[in-house]
Amino acid sequence: MLSTPAVNADENEPIRAAAAFDVADTQALVTSNAAVNAEYFHLTLAAAGLAMTAKAGQFFNIACPATDKDLPYLRRPMSVYRVVPAKGEVEFLYKVTGAGTRGLATLRAGDSTAILGPLGNGFGLDPGWKNIVVVGRGVGLATLAPLAEMAAERGIEVTAILSARTRALVMSVQRFIDAGAQVEVITDDDGSSDPDNVERLLVGLIESGRADAFFTCGSNRLMLLLKRVGATFQIPGQVAMEQQMACGLGMCFCCVRNFDSSHGPEQRRVCLDGPVFPLSEALSW
Amino acid sequence: MLSTPAVNADENEPIRAAAAFDVADTQALVTSNAAVNAEYFHLTLAAAGLAMTAKAGQFFNIACPATDKDLPYLRRPMSVYRVVPAKGEVEFLYKVTGAGTRGLATLRAGDSTAILGPLGNGFGLDPGWKNIVVVGRGVGLATLAPLAEMAAERGIEVTAILSARTRALVMSVQRFIDAGAQVEVITDDDGSSDPDNVERLLVGLIESGRADAFFTCGSNRLMLLLKRVGATFQIPGQVAMEQQMACGLGMCFCCVRNFDSSHGPEQRRVCLDGPVFPLSEALSW
Amino acid sequence: MVDLRVKIGRITLKNPVMPASGTFSEGLARVFSFDHLGAVVTKTITAELRGGNPTPRVAEVGQGMLNSIGIPSKGVLNFIDHIMPEYQRFSAPLVVSVSAPTAESFAEIVRQLNIPGIAAIEANISCPNIEEDGKAFAMRAKSTAAVVDQLRKATALPLWVKLTPNTGDVGVVARAAQDSGADALVVANTILAMSIDTETFRPRLGSIMGGYSGPAIKPIILRMVYQCAQIVDIPIIGCGGITTTEDAVEYLLAGATAVQVGTATFVRPNAMLDVVEGLTRFCERKNIDRVSELTGAVRDRGMHVDKLEALP
Amino acid sequence: MVDLRVKIGRITLKNPVMPASGTFSEGLARVFSFDHLGAVVTKTITAELRGGNPTPRVAEVGQGMLNSIGIPSKGVLNFIDHIMPEYQRFSAPLVVSVSAPTAESFAEIVRQLNIPGIAAIEANISCPNIEEDGKAFAMRAKSTAAVVDQLRKATALPLWVKLTPNTGDVGVVARAAQDSGADALVVANTILAMSIDTETFRPRLGSIMGGYSGPAIKPIILRMVYQCAQIVDIPIIGCGGITTTEDAVEYLLAGATAVQVGTATFVRPNAMLDVVEGLTRFCERKNIDRVSELTGAVRDRGMHVDKLEALP
């Protein structure tokens, strides 16, 4: 897996160009780190240089502070939620799940932590596309949100189907709206998130010509659904995947997943060959 | 070393009485933790119960918080600097030297940490004594300070010879004065701390009948001097010693030192048989 | 109510939690009552008088410590006359840890301990066997078999054999101990390690090298318990880095029937009590009636180690 | 100006700091230039194509990690055609790590690497020897001698032999490697370990057991370097938990001539650079002209391990 895969080669600097340093380990100052709901925190860091070049779908490998209870050792991969070069800020939206994110949640304005990145390939937008459909759930929304502005900048219309257990837990709705996206909120409690309904929504969008490509993250079920629908209607798509990581730089081979490829199944490193992969090649996780 | 040594059996509860719990691991709230000079911090903790029974010369084994740089694992032994049962407070005076004390120095009011104690035997005051001489240096002053009040309570006159590199570094002078002690400050920079001078002071005190017993801590050189002078003039004495520890409870045998005893040299555990030992049996460290 | 009892050979412990030899003494009874423990295990005693190693005897290293205490010992009689009585007032069965430099002297000290009040013998065979160039008995199956065989003949008491992790193949040593009559295995002792002060250039232990213990060694000893559990049928007592309830559960799942808590007691004197209480809460939460159901319950079916793949 | 150069057999490195095999790839050149390193060491390659182990392949444990990557490999030709060129643009000498399941195939792959551009071979003999029931070559002196002997005949390149810590007597294995023609030793690979998820009861690694690395193993590997240094005369490259300058110094003092940094690079990608710079500052502060003066400079004279005292 030494050369980067076909996936949107435009967005992605091939490793071979490495002579020019394109990844940096930056000691970044915490501007704010606030809870957005019972489960999620929103972290804003002051950073400069390469960190500012991060694109939608790329991620950073973040050092998490030790606490009384936890001594996280490895870094934690987090998608870039927003980059504001003008303000020299990079933002993350993370769910508190274990030792590392519990540590992150203790960061206060004025503290600092090390972030390695930007890492991975990021989403790609084909110049030919006019309308895209973004389908996300849970943590996946953090990864997909910056895609809204990226598409808007290129005059691409976005329909965002945002899924969650309850309305209260859907995040980034306003962000998608502000970016000019059409937002559909679907939830488990009113049943609107169930596969048949989502499929109906997708087919509707396809028939009304508003689905040149699919983008998804955060739900295996949704990924499989989009893959099937995409295959049926010949709609290309991209999925951002997760896997446990150590280095984030393609060195350790911890983060492999299996993929379909023209020449049969193959292993790829999520950190280097991804985290964004062609929907058509992604396999259930 | 299962029975506690002869040293002031009155002050010291023999291990055999253990059925009654006399040591507790207390989660204590930090009331304050402030630097007293370039090297030392003064820590005040809110605690109750057994911690309030701590006597001069006894110590606690303190859990030290992790920091970005340090992850202290074992606890750190610290002499009780003051106990105020009325206010439910126990105080420590510590020098920042390494991982553990660097961690302690990060404690803020409102944090809490675990303290195991009271541990060790503590100083003993013979009812027959009317005048004692306390000779301390550096960290040793933290250990000796509470002896000032303990002696005062029993109507025993105290002469305190406090040694340091410079006047600025001598600590607890006011504390000894407030407790009614005669204070002699001796320093390296004006040469007053050199052995001959200290010996002159001691002999003077002995001749004027103000030295029924010697107490010392914090300097090997001073300990040896007091031991010699004490032997010559038949003055009993006690020295508080230090040794690296793990358990603080006599379990691990990490903290042994060699001592002279009637039946030849023997090993004793500083945490259990000490930290206070008869000057006559102490050996150079 | 969760049943915490476990059987180690023919003795039943009220719970699977006990101290590790040398990290415990009657001094801890100043903090809590040993009646709460599944058993108490003494510091290793020897027949001959020993002073132990030079200081410093302890060095903190990361999330663990090095010790080079050695085995300061005042002999068997001092133990029987002065230490045993300290434990008699508690209900927890008394396990006496013994050691010796030769198989014969090992048997001799065990014979002297065939007295009432002792529930089991723990043979610390991680110590140097002076008949074999100072290599610990437990480093080789042969010397392990030799000493356990003599011990078995020397005592009718339950015989626990404590292994060393400083061997390339703990499984064959474990099998040798079982085949020579051990009633249970304690896995394991400390890992030989070292630390150097980069300011003074001096080793941080007075005896240069010492035993590594604490959380840092847990994954290594846990692996050994798992390996031994595949090979022997006698109960295994897991010992290495156990600090929390989850650590204890991890060992039980890997195949241990009981656990010993060592270094953690230095950092949290009540650690053993916390684990005992924690086990009840854990089993309640998981709807497990008997803690013994956890032994060997790791869900490793269908998983395997690919022989062709390099493992360390 | 401090002289950081060290000699490993007949090659001289500009400084004693290099990556540990498998924790490094040309990808790190996106962060800094390898021209700053004493050498670069490749991920272990094999002749046959391999997929590596099932996921999860990594588990964080305390101050370290477990990995069960195995050796995914696209074979020698892929290495020569696609990976080697990546390193050619850097001045740091290229050390190629190789492995194989038999002594013969080990020699075969080394023969294929007798090509320009390779400064040395690092033989990872910590992998299973399928001719000896899957035990790693480096677990026994005999199998070590057998494979190193074949490797020595197969190449004129400097031969570094990487040992496993999963053996009871690393010293005799080290001697065997030296006597069979190794030019240097790398001490050591990961320690076999395990972790279990107490919620799911499943092993946290897809292959159940894996290799333990990181700060937690440093005191153990440091002890092995010290032991090997007493026994062999060839240079030793220390590898295990090195994260800071002080860690590197500790290894040099124990007897290492150079060091490899592994897991630390995952946590601090610039760790190797920091150690290189730190070594200069350390030597300046200590008035040491040549970093090579640190090798074996531990002040252990007059200290000894009392054979009669139990050591783990």
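Think of it as A, B, C and D in the order they're written, each chain with its own count starting at 1.
Rule of thumb we're sticking to: a residue touches a chain if its C-beta (ideal position, glycine included) is under 8 Å from a C-beta of that chain, and two chains touch if they have at least 3 such contacts.
Treat the numbers as computed from the prediction; the structure is a model and nothing was measured.
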| item | value |
| --- | --- |
| Contact-graph separation of subunit B and subunit D, given in steps at minimum | 2 |
| Other chains in touch with both subunit B and subunit C | none |
| Label of the chain whose CA centroid is most distant from the centroid of subunit B | A |
| Between subunit D and subunit C, distance of the C-alpha-averaged centres to the nearest whole Å | 32 |
| Geometric centre distance via CA averages, subunit D-subunit A, whole Å | 36 |
| Distance from subunit C to subunit A - Cα centre to Cα centre, in angstrom | 48 |
| Distance between chain centroids, defined by C-alpha means - subunit A, subunit B (Å) | 59 |
| Junction residues of subunit D, two or more chains touched | 52, 62-64 |
| Touching two or more other chains - residues of subunit A | 71 |
| Contact graph of the chains (line, ring, star, complete, other) | ring |
| Chain pairs that touch, as defined at the top of this document | A-B, A-D, B-C, C-D |
| In the complex, subunit B residues that touch subunit A | 65-68, 71 |
| In the complex, subunit B residues that touch subunit C | 2, 15, 18-19, 21-25, 63, 71-75, 99, 114, 116, 243-257, 267, 272 |
| Subunit D residues within the subunit C interface of the complex | 44, 50, 52-54, 61-64, 66, 68, 70-71, 99, 101, 124, 126-128, 130, 134-136, 139-140, 164-169, 189-196, 198, 200-203, 206-212, 215-220, 222-223, 226, 246, 249-250, 253-254, 282, 297-300, 303-312 |
| Subunit B partner contacts - residues on subunit C that touch it in the complex | 22-32, 43, 51-52, 55-58, 60, 62-65, 67, 69, 72, 82-83, 86, 89, 214, 263, 265-270 |
